[in-house]
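Common to both upcoming complexes is subunit A, partnered first by subunit B, then by subunit C.
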Partner chain A sequence: MNRSSTTPWLLVSPGAVLFAGLVIVPLVLTVILSFLTYNYDTGIGDGYTLAHYGQILSDGYYLDIFWRTLRLALLTTLLCALIGMPEAYILSRMRKPWRSIFLLVIIGPLLVSVVVRAFGWSMLLGSTGLVNAALGIVGLGPVKLLYTETAIVIALVHIMLPFMVIPVWTALQKLDPMVEAAAWSLGASRFTALRRVVMPQVSIGLLSGSLIVFGLSASAFAIPGLLGGRRLKMAATLVYDEYMQELNWPMGAAIAIIVLLANLVIMLAYNRAVEARARRALG
Partner chain B sequence: MAFLTLEQVNKLYGELAAVRDVDLGVARGEFVSLLGPSGCGKTTTLQMIAGLVEPTSGRIMLDGRDITHEKPNRRGLGVVFQSYALFPHMTVAQNVAFGLEMRKVPRAERDKRVGEILELVHLGGMAERYPRQLSGGQRQRVAIARALVIKPPVLLLDEPLSNLDAKLREEMQFELRRIQRSVGTTTIMVTHDQAEALSISDRVVVMEAGRMTQVDAPYRLYEKPATAFISSFVGRMNRFEGIWWPAGASGAVEVAGAMLASETADIQPGTAVTASIRPEKLFLKKGDARLNGHVASRFFLGGHWLFNVETPAGLITVSMPNNGEEPAQEGELVGIDWAPASLRVEATVELSA
Partner chain C sequence: MQKNGPLALLFHALVIAFVLAPLVVVCLVAFTPENTLTIPTVRFSLRWFRAILDYPDFITAFGNSLWLATLAATLSAAIAVPAGLAIDRYRFAGRDALNALFLSPLIIPHLVLGVAFLRFFALVGVTGSFAWLVMSHVIIVTPYVLRLVIAALSGLDRGAEQAAMTLGASRLTVFRRITLPMILPGVTGGWLLAFINSFDELTMSIFVTSPATVTLPVRMYMYATDSIDPMMAAVSALMIALTAIAMLVLDRVFGLDKILVGEK
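After this line comes the complex of A and B, so read on.
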């Protein structure tokens, strides 16, 4: 065999160029930008400084927003897991026509723009919206929903659910349905069989679903932007404001880099846990 | 009174009758096989006993107790699934201990019983392995151990050997019988392999299209198959359509001009009959015999030879033990002989669906 050693490099080069051009270069530029000085009168300067990072990490305003982002993303992930698991299980036990119909119902929302769905939720949750109207009929006073963390979480869960259901459903598909029957025949109740036999085997799907949902929620922009209002900011909306309102691009870049690093650390740690578990349980 | 009885059990899937009017009694300690081609309702029958499929009508009794509508986890029966259905995330020991855990058996006793049953199935050293680290035969034994450790009144096996290769399957048949004997558990095994059913069961139940057509000891099933289907499904069978001509104490079946000798049958002369004889009841010899023909093809099966002989009465299969002598060549003229008593003659019945 006399195959040129350059062939593999040539083959990966289109992908590598695309990746470098669309991911690496902007990322490097952002990192550089985050170290540039900024002056409100003269704009971006030529010198380098760590001031932006220092300010972000010492200012309670920014830390509050980071903390909220983490909290809401975790809450969304947890709710998606709690709702998505039974949903996927029921889906996998459905008969022929219904299964594909309901799978479509679950994936369907992905076909509608996030912005459109966010507006939909703001109409539902507003002070004169459908939810408050319904509460009024039952005799409960109007509840402030819009521009609260509750509204953000509700909408995020709605949008992220398919990303949880699909991996769990895929894991369930791989499961031998007779394994559950075997547990029953050995004396396990339906619930015990689910907990001891089905759950551990779909946990891989659950963990990877959580990873996707957490990552997307922590960096969500449209939902917190439209349902959180001006004051309830999350990381992505904060970056946007720094760029577009304050025009302090280096500060925005520094925030973006911190969010990216935090997300990376959390997801990598989580992924390690997932893999360790997968290797132990399923091989 | 039988230990386990099925009374007029039916299962309909919409228009399709998967199981029809099944009546069966199984005695305590008996090993019964459900034998039939794929799709004849064996698994459905077994799963109705296990409680995984609800019968459309009929009654299932276990030891005098009506269990027709009881939940599977309350029946306490041992089930071995065709796919084994082991819990992939648990070790062999955890798999086997699961049923005991559900019964709240104390830790110490649980460990002891798991150890004992794993010794019984020769898996003593495999307790800490995961199912994926085992061979097919070992997995199958884990599945049996898991079902047996709960000391079930009845053990249900759904094609437990069909995933194994031929050599292993044969070994496991004897292994299964040994385990069943030593524990004494009433056992019902589903299989589509007639050799398997004949070799290890006390009784065989033959199913055709949802119905039970014969329930008999393996030997009687082989010698006196109740239907044409059974005679060809269980072992090989040569069948001839002809006319019965009695002659004193014996008689003959006329098939395309050839007269096939048989014993007396209580049938009117000139009646249309079906004659049948097993290949191993026929003898091949050089020179003239009751029926002459040419060897069309021959197959060497180690222990014996199988000849297909072209005769005036049609193509006949003859099985001869391999006694070390040079057998007849293809194309050679041979004679076929038999003891008249072994040619079964029955009046042809119009088959109704």
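After this line comes the complex of A and C, so read on.
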């Protein structure tokens, strides 16, 4: 290991300056903005106020949107876990060429713009879309799907699934398949082997996947924007409307800061949970 | 190796259908000859692809996105390579804090970054500037490059570097002739990942682009919120095709699963 000198400082300085100037400064400015007064006629004032936070925490309009954001993000996380975990397990048991092909099929859509995927779902779920056509064949009348919470959750699960499959898959890679076979030969049922041998190994991946999925779903913008319509807002579309339509920047900033704080609190809680697990595992 | 049972395979088939359905539908509808979003069954037409050529907004936005992603990925590589060297090779005061700062855009929602950049740019008086849009993208893509650079550096065999040093090469020569060529696959992988992330970014960009600097995802989002016609499907199909080509290249050169799974 090299001696500490001025060299590392020279090497990191361009990045350090850029990140200090463009991450820390704008975030501090936004926190300040969220406390500035706002008047619909004169715009952003000079005085400081807690009114925006007060209004968010007391006005039913904002509380409803936050509650919907929390509910849909949790539901998305749960569905991603229920689909992603078995899928990662099935993938890990596939043979050589198929395994990497299907892994690519599942994670490849990550590279396709969210707008494209949201647009695809809006066509599938529309009143004349394929899903309703399929329901019609079975004899179920057209169901209103587009611009409902169901549409938002379906599309969110689609976008977030790779973020659940990847960490679970990575955790499974560390599990020797012979250990599961050993559990069977010692008389464990398939279910017991899954529960006692595979699950503990997977749970760290599941936890980190859930964290990513929840965080990204709670601040998702394009999906509620395109599939929720004008009325069904989530936190991110609410911030956008406050900025671009109401032009109430301090209010928008206050909502964004709440989203950021909620994210950070969840990260910390997650780190606690992982540490607790690690402590238990070490005995 | 244990086999998957029939139920497991059925589940797997449903998941794959779910994952591919919206992409397949977009690609099919793009070839419709009708004016509405219908899946063509008998006749196929390229009319909506031709319509893009008469709608300059998408072409300009595509050009903006291409430039933006190229510049942002290149600048972030120029920042991440030296920063990665410092973080991997040296122990210095503030190292962990800087590392956390460089990775922080991964945990700060893009929505929050967009709002923060908008306020900052408005106060500095550079709203709508393309150069500052590039800088904002450098911030969001640098963590991806930095991770791959550090992974490449920590997996490096230091023997070749030490041999060059013993033979009298200067530190700059060692970096240029030995270290850089050895970490080049990591840097290139990081560059491509940064390019794709910047090219697809919507949530932050929608706050900081102006009509002159609008990017393709922002233009598509705006288009899809006001009018839905098959031209949107044609643009989307082109984007899917481009992504598929990029994926094939990435996979051939580096192994896509390595880059993406390593990325978390």
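Operating definition for what follows: the second predicted complex is superposed on the first by the 265 of 283 C-alpha atoms of A that agree within 3 Å, B and C clash if a C-alpha of one lies under 4 Å from a C-alpha of the other, contacts with A are read in each partner's own complex, and residues count from 1 in each chain.
Just so it is clear, a contact is a pair of C-beta atoms (placed from the backbone, for glycine too) under 8 Å apart; a residue touches a chain by one contact, two chains touch by 3 or more.
As the structure is a computational prediction, the values presented were derived from the model and not from experiment.
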First (subunit B), second (subunit C), both or neither touched by A:201: first
Subunit B versus subunit C as contact partner of A:253, first or second or both or neither: second
Contacts of A:234 with subunit B and subunit C, given as first, second, both or neither: neither
Chain touching more of subunit A, residue-wise (subunit B, subunit C): C
Touching partner for A:181 - first (subunit B), second (subunit C), both, neither: both
Which superposed partner A:88 touches (first subunit B, second subunit C, both, neither): neither
Touching partner for A:73 - first (subunit B), second (subunit C), both, neither: neither
Contacts on subunit A seen with subunit B and repeated with subunit C across the two complexes: 181
Residue numbers on subunit B that touch subunit A, as the complex places them: 50-52, 71-73, 75-79, 81-83, 85-89, 98-99, 102-103, 130, 132, 146-147, 150
In the complex with subunit B, residue positions of subunit A that touch it: 176, 178-179, 181-189, 192, 196-197, 200-201, 281-283
Footprint of subunit A on subunit C - complex, ascending: 1-4, 8-9, 11-12, 15-16, 18-23, 25-26, 29, 37-39, 78-80, 82-83, 85-87, 89-93, 95, 98, 101-102, 104-105, 107-113, 115-120, 123, 135-136, 138-139, 142, 196, 199-200, 202-203, 206-207, 216-217, 220-221, 224-225, 228, 232-233, 236, 239-240, 243-244, 246-247, 251, 256-257, 260-261, 263-264
Residues on subunit A engaged by subunit C in the complex (per definition of touch): 1-2, 4-5, 7-12, 14-16, 18-20, 22-27, 29-30, 33, 83, 86-87, 90-91, 93-95, 100, 102-124, 126, 128, 130, 155, 158, 161-162, 166-167, 169-170, 177, 180-181, 208, 212, 215-216, 218-219, 221-222, 225-226, 235-236, 239-240, 243, 249, 252-253, 256-257, 259-260, 263-264, 267
